[in-house]
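Only one structure is covered here, and it is reproduced in the block below.
Chain IDs A, B, C, D, E, F, G and H follow the sequence of writing; residue 1 opens each chain.
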Amino acid sequence: MTKPYTKLDKDNAAVLLVDHQAGLLSLVRDIDPDKFKNNVLALADLAKYFELPTILTTSFEDGPNGPLLPELKARFPDAPFIARPGQINAWDNEDFIKAIKATGKKQLLIAGVVTEVCVAFPALSAIEEGFDVFVVTDASGTFNEITRQAAWNRMTQAGAQLMSWFAVACELHRDWRNDVEGLGTLFANHIPDYGNLITSYNTVNSKTK
Amino acid sequence: MTKPYTKLDKDNAAVLLVDHQAGLLSLVRDIDPDKFKNNVLALADLAKYFELPTILTTSFEDGPNGPLLPELKARFPDAPFIARPGQINAWDNEDFIKAIKATGKKQLLIAGVVTEVCVAFPALSAIEEGFDVFVVTDASGTFNEITRQAAWNRMTQAGAQLMSWFAVACELHRDWRNDVEGLGTLFANHIPDYGNLITSYNTVNSKTK
Amino acid sequence: MTKPYTKLDKDNAAVLLVDHQAGLLSLVRDIDPDKFKNNVLALADLAKYFELPTILTTSFEDGPNGPLLPELKARFPDAPFIARPGQINAWDNEDFIKAIKATGKKQLLIAGVVTEVCVAFPALSAIEEGFDVFVVTDASGTFNEITRQAAWNRMTQAGAQLMSWFAVACELHRDWRNDVEGLGTLFANHIPDYGNLITSYNTVNSKTK
Amino acid sequence: MTKPYTKLDKDNAAVLLVDHQAGLLSLVRDIDPDKFKNNVLALADLAKYFELPTILTTSFEDGPNGPLLPELKARFPDAPFIARPGQINAWDNEDFIKAIKATGKKQLLIAGVVTEVCVAFPALSAIEEGFDVFVVTDASGTFNEITRQAAWNRMTQAGAQLMSWFAVACELHRDWRNDVEGLGTLFANHIPDYGNLITSYNTVNSKTK
Amino acid sequence: MTKPYTKLDKDNAAVLLVDHQAGLLSLVRDIDPDKFKNNVLALADLAKYFELPTILTTSFEDGPNGPLLPELKARFPDAPFIARPGQINAWDNEDFIKAIKATGKKQLLIAGVVTEVCVAFPALSAIEEGFDVFVVTDASGTFNEITRQAAWNRMTQAGAQLMSWFAVACELHRDWRNDVEGLGTLFANHIPDYGNLITSYNTVNSKTK
Amino acid sequence: MTKPYTKLDKDNAAVLLVDHQAGLLSLVRDIDPDKFKNNVLALADLAKYFELPTILTTSFEDGPNGPLLPELKARFPDAPFIARPGQINAWDNEDFIKAIKATGKKQLLIAGVVTEVCVAFPALSAIEEGFDVFVVTDASGTFNEITRQAAWNRMTQAGAQLMSWFAVACELHRDWRNDVEGLGTLFANHIPDYGNLITSYNTVNSKTK
Amino acid sequence: MTKPYTKLDKDNAAVLLVDHQAGLLSLVRDIDPDKFKNNVLALADLAKYFELPTILTTSFEDGPNGPLLPELKARFPDAPFIARPGQINAWDNEDFIKAIKATGKKQLLIAGVVTEVCVAFPALSAIEEGFDVFVVTDASGTFNEITRQAAWNRMTQAGAQLMSWFAVACELHRDWRNDVEGLGTLFANHIPDYGNLITSYNTVNSKTK
Amino acid sequence: MTKPYTKLDKDNAAVLLVDHQAGLLSLVRDIDPDKFKNNVLALADLAKYFELPTILTTSFEDGPNGPLLPELKARFPDAPFIARPGQINAWDNEDFIKAIKATGKKQLLIAGVVTEVCVAFPALSAIEEGFDVFVVTDASGTFNEITRQAAWNRMTQAGAQLMSWFAVACELHRDWRNDVEGLGTLFANHIPDYGNLITSYNTVNSKTK
């Protein structure tokens, strides 16, 4: 009774960044803000590095929810950016669906704020329409651990796969030999411990030459 | 192998508030009391806001378990209120079942004290009878994290969906344009961070006019 | 796609207390020792109160694992007590199986030390043989949260239901009217907050007469 | 070598609420937001109840720091309100000092956001000028436990007394007989557990009459 | 610059149990209720074992605060019991002071609910009057860690010594040879791990004889 | 609807130790480093004790990831050791697969660093190819609890069984009588509490002879 | 008995960054690595912003301790940089003392890795020689909370003041009007929540013009 | 008002290991057992490395408290070993005092189980007699954080200095050049992260030669 391993494929994956807005970020309290911002930018850099089609969307950004995190906007100046006029579930917005379908990809990496709404609703909708959904858990945030666990539980029941941005990067890359420096730089920029390993390694290596 | 997304529908949902009694509340130690009271009242306000049929029930309220939280009674003066003479599982009380069936709804939002008994027992019974059950996790409380996780595990195995009151509100509302002010007020009253966003936003906006 | 609710039935349930031994208890570090001892004795008192057939077993009690907790032995002087000569999984001991089968019950409430071995192994074996297994999570202990969560995960996958001793008592009792004082005493003896409610209630009531 | 007990005296105490602003509140992560808001309002209600002279101040409220929490402004419509044009330490603002001196009190109860700046700086300054300083710890918030502990450490070294709003209320009130209902209401409004005790007590009492 | 070690002396110590009342106990959330009740009874048993004069007091016990924990009343049927008519600081009650002075002791062991009021106020008052004050920290409880730490900080500043009930028992006993069985029983009754050590030890010893 | 219990069998199990490298270990922050090293060596000692075929592999060990933990290399001098030239998923390396197939075993015990990549990827691949996969959770480490829980969730969905090294040892051993001293030594060396039980037991026993 | 407030003065303060080396950073486990790196760079940016003389030092940087964090070196290309040949306490190195004395400052801001050694030793030495010492707690790291608390305790006993980098910045700046944009940028770069406040504020402001 | 820095001096320090007994260790629950054992052995190895006179003592080792940890006995076969016949405070045992005085040292490093008794009592006594006391906090253990903090508080008030074993080693060694390999080995054996740094460093260095 073995199961096929639904593996991320860089030629078949798209990234959905949902509602990482300056105001909504103040609601996120299940991850420390320094760490959360780092994770979100790591996912964005990963999307750029693997050249995954990326779609940005915001909810009501002219109101208290606030504008999209400027660092995200800056990283994807040409990406589809859907400022939803009111739909809470991004999947209820036709432009968002069109943008997704335009990518032609069947694997969706979803992250957003807050997890049980902006991530879970489109995740559940996407699964219903036959997409493979991968939730980037550490680039998604919510009010507290109870709400996070409830959200994960609901998405898992429906068949979503839960991942971290690091696991996503590794599963997309497959083999270090495809590009050692590129992946190493991505890790060094977003994982201080990894950056330290590289610093120490390079220092010893250069001295001993 | 995609699955249909069982989504909350405000025309098909009823709320069951089970045993939020003054005495029993002292047993709740998996959520901080300030936060827990806020969550319970948020769920009540949400039920009123969406005009969901709401049913109140208590267990043995003349004894040490104590009376229903007065703020709940005050919010639903005309709701069915079943003071159970002894049944621990509210589903074993005929009046409770009648009240539920009288609503004609198939989606039940359940919250109560304590999670593994007052929520889990009717949740499991309702699923058995074909209802769609949504547990409002953060408006339900119990002794500690171990008992909470065990209760969640059992309900999930049976097919209950775990949600937070915030996710419930969002899934019922669907689109901010249905009523920006109403939903915003609900959030501002029960999420201090959201209230602060609105305060700041309104202040800047009014000054700049 | 509704499911039958496999509910505890006091006429069809037996309790298995596995390896609550003086030495092994020092390994339990996922629950505070005061609370853990209280939970184990609560489960024992519950078993006596509902007159559930109860089976005691120990592993290697003449060695470092130490003797059965004396309070358990004292509560069940006439219960089957299988001091296993070496089998780690109690289910591998014929006398243990015979004792279980002699009860004629199909629902097994299992608790023990440590969770991932002394509870999980017989739980998985019992499920395989067609029993309904209910793990009493808070009367079972292990090294830390990682080992507990792994054990719960494995047992859940196999179909065990996770409960707390309080939920077990409530599901067995069904209705307070079956015996208010008996159940109240069980709770007061093992839940300080509940004891306090009763004390306060009785005091006010007696004064106002 | 006994020491005099510097006790709060309601005829000699004033309250300083420093920078509880809608924007700055998003920085507070060492206390849960529901609980923190409740504590701040409890301190405000306490100040009103004991008729303590209260002084409000904000830092740069026209910028991102945002306006004073509206609930505070509403509670003290006639209190001195010093919108500081730039001084970070409120004690560096002459109007603030004048307002304090105008009260004629020597005991200062200080709370604010963030603890190590908006509370600690005026606390240290006030001690230097001979005031008795009482920090209301749970109505003050900061980034995390490390920054809180460092701030407490520095203020304690200088001689500040650390209190909770509840201890402040009790030390000011001295004797329940001064006004049972007033103090009871203050507690019931801000301590859910206390409110529940009163609800249960009143219910039993009224029924038994 | 060495300092004299102010050591507990069983001929010079009295115990003050302040406001361990059934209602107030529901406010204690910085220690788990099972453990807290155990600690309070351990302190009571210790007081009896060392025959320390013990004084009981309650605040407003006819109201919502509720009656004294019955187990305490039962252990000290003949001890002075001051039901204070309203004074929050027990030290403001003349009968309480008289009872303390009647013991003739200069070392006061204080425990109570809640720490920052019922313990801290009499502790600070007693120090002011020249008593040596020892706070039994783990038999005293309060709302949360912030309020506990603030209370400890204030009492330490004034010169109180912070202890646990176990340290108190050991410092009073001085030498196991004074009574091995008595002290061992006290520990076995209130420290499950210690009870297990004794059980295992006795079992091996008896078998090998 | 009972299920067969897929039980570890020492004649059918192999151990895969994936990427426990000196550099990568600095990334592990979901388990304390003292404890984690102990768990990894316990698994290694267990593999040797039960003579399970064991396969070592590293990722890019000449770079910053660093060499295999020397204690592992020392314990398995003759085991297959695959220094992967670049494949992130060890299962993508042909030599690794060959080494596994050469063992002829169908049960794979997998541990590694980091959990969501070096453990999860080969675990998912192995399940797909029909192996029974047992993840040794406490000998696997990752960045934090969020990434761990996401990884566990994904592997559980696919059918992996989660265990601890202690449960693995017990399930493989089946009966203490197979070798009391050997298993006891394994436990004493890696579980300080168990070592203490043995020390105390032996001491009393030897004295009483 | 009032005390003078020893306040940071930007004309009298120097910064000592001790042993923030790539290898040693892997030892820091009392602060999350993302947050810790951010705090260290915040302190560095603060030192540059206020033009405080800054001294860098490392311990044994050619060995396993590794080189100085490159981002620190890059920020202070011309600062005194003392690579100590072996002294553990930087204060035992003459060049380090000379560099400090050359600044002519009496207030020393110290941060480093690990807290109880690289920070505490020079802090205690500096106090002995009459400097005012301010420990930047959140830019200093160590093995765990126990070692941190012990280190803080020892330094506090000796008279060091504990601060956070944010408090340092505020106490040095004194008044926002000295430079709103500069301080705001420092905060936005290192406090995500503050950055979000500024983003939201600027967005609304620009739209309403 | 500068203070002399009381610094550890390897020619003037002795180590007291108090009651690290197999039975008593099961009481320690404020530090994880793997980590605690490692810390205790690190302190022992440190004492041997610096050739500090070391004194071992146990309380009632023939009873349930159990024998001294065998690894300690093995490390100090010739050290004074005082098996106290009953005194709880080791300082009350004349042989213990004689052994301390025989060393001629004035600096005492004390560690033991449990912190508030076996460490605190001799620490307070030693301070009273003019010794400089350094508590090795992480090689001392107790029931929980509350009892630890209370114990630390009492010892700090009396003038004890709190340290970690790592800080002790560094303060005694003063300069790496006194012996790089010896200190490095001590650290590598007891700090896995440090061991990994050395492994990685040596590997790169050896390869590049």
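Methods note: contacts are C-beta pairs under 8 Å (C-beta built on N, C-alpha and C of every residue); 3 or more make two chains touch, one makes a residue touch a chain.
Listed by chain with UniProt protein names: A, B, C, D, E, F, G, H = Hydrolase.
Note that the coordinates shown come from a computational prediction; the quantities given were computed from them, not determined experimentally.
Taken together, chain B and chain E share the touching chains C, D. The chain pair from E-F, C-F or B-E that repeats the B-G interface, sharing more than half of its contact pairs by residue number, is E-F.
Comparing chain pairs F-G and B-C, the larger number of C-beta contacts belongs to B-C. Chain A and chain B, compared by their mean Cα positions, are separated by 31 Å. With centres taken as mean Cα positions, chain G sits 54 Å from chain C. With centres taken as mean Cα positions, chain D sits 41 Å from chain A. Shared interface positions of chain H, i.e. residues touching 2 or more other chains, are given as 23, 26, 32-33, 66, 144, 159, 191, 193, 196-197, 200-201. Those chain pairs judged to touch are A-B, A-D, A-F, A-G, A-H, B-C, B-D, B-E, B-G, C-D, C-E, C-F, C-H, D-E, D-G, E-F, E-H, F-G, F-H, G-H. Here chain H touches chain C in the complex through residues 26, 29, 32-33, 144, going by the rule given at the top.
Contact residues on chain A toward chain H in their complex (touch as defined above): 197, 200-201, 204-205, 208-209.
Across the complex, chain C meets chain E through its residues 22-23, 25-26, 32-38, 62, 66-67, 69-70, 191-193, 195-197, 199-200, 203, 207. Of all residues in chain D, those touching chain E in their complex are 1-5, 7, 31, 137-138, 152, 156, 159, 161-164, 166-167, 170-171, 173-178, 180, 184, 191, 193-194, 196-198, 200-201.
Listing the residues of chain A that touch chain B in their complex gives 23, 26-27, 59-60, 63-66, 85-89, 92, 114, 116-117, 120-121, 124-125, 127-130, 142-144, 146-147, 149-151, 153-154, 157-159.
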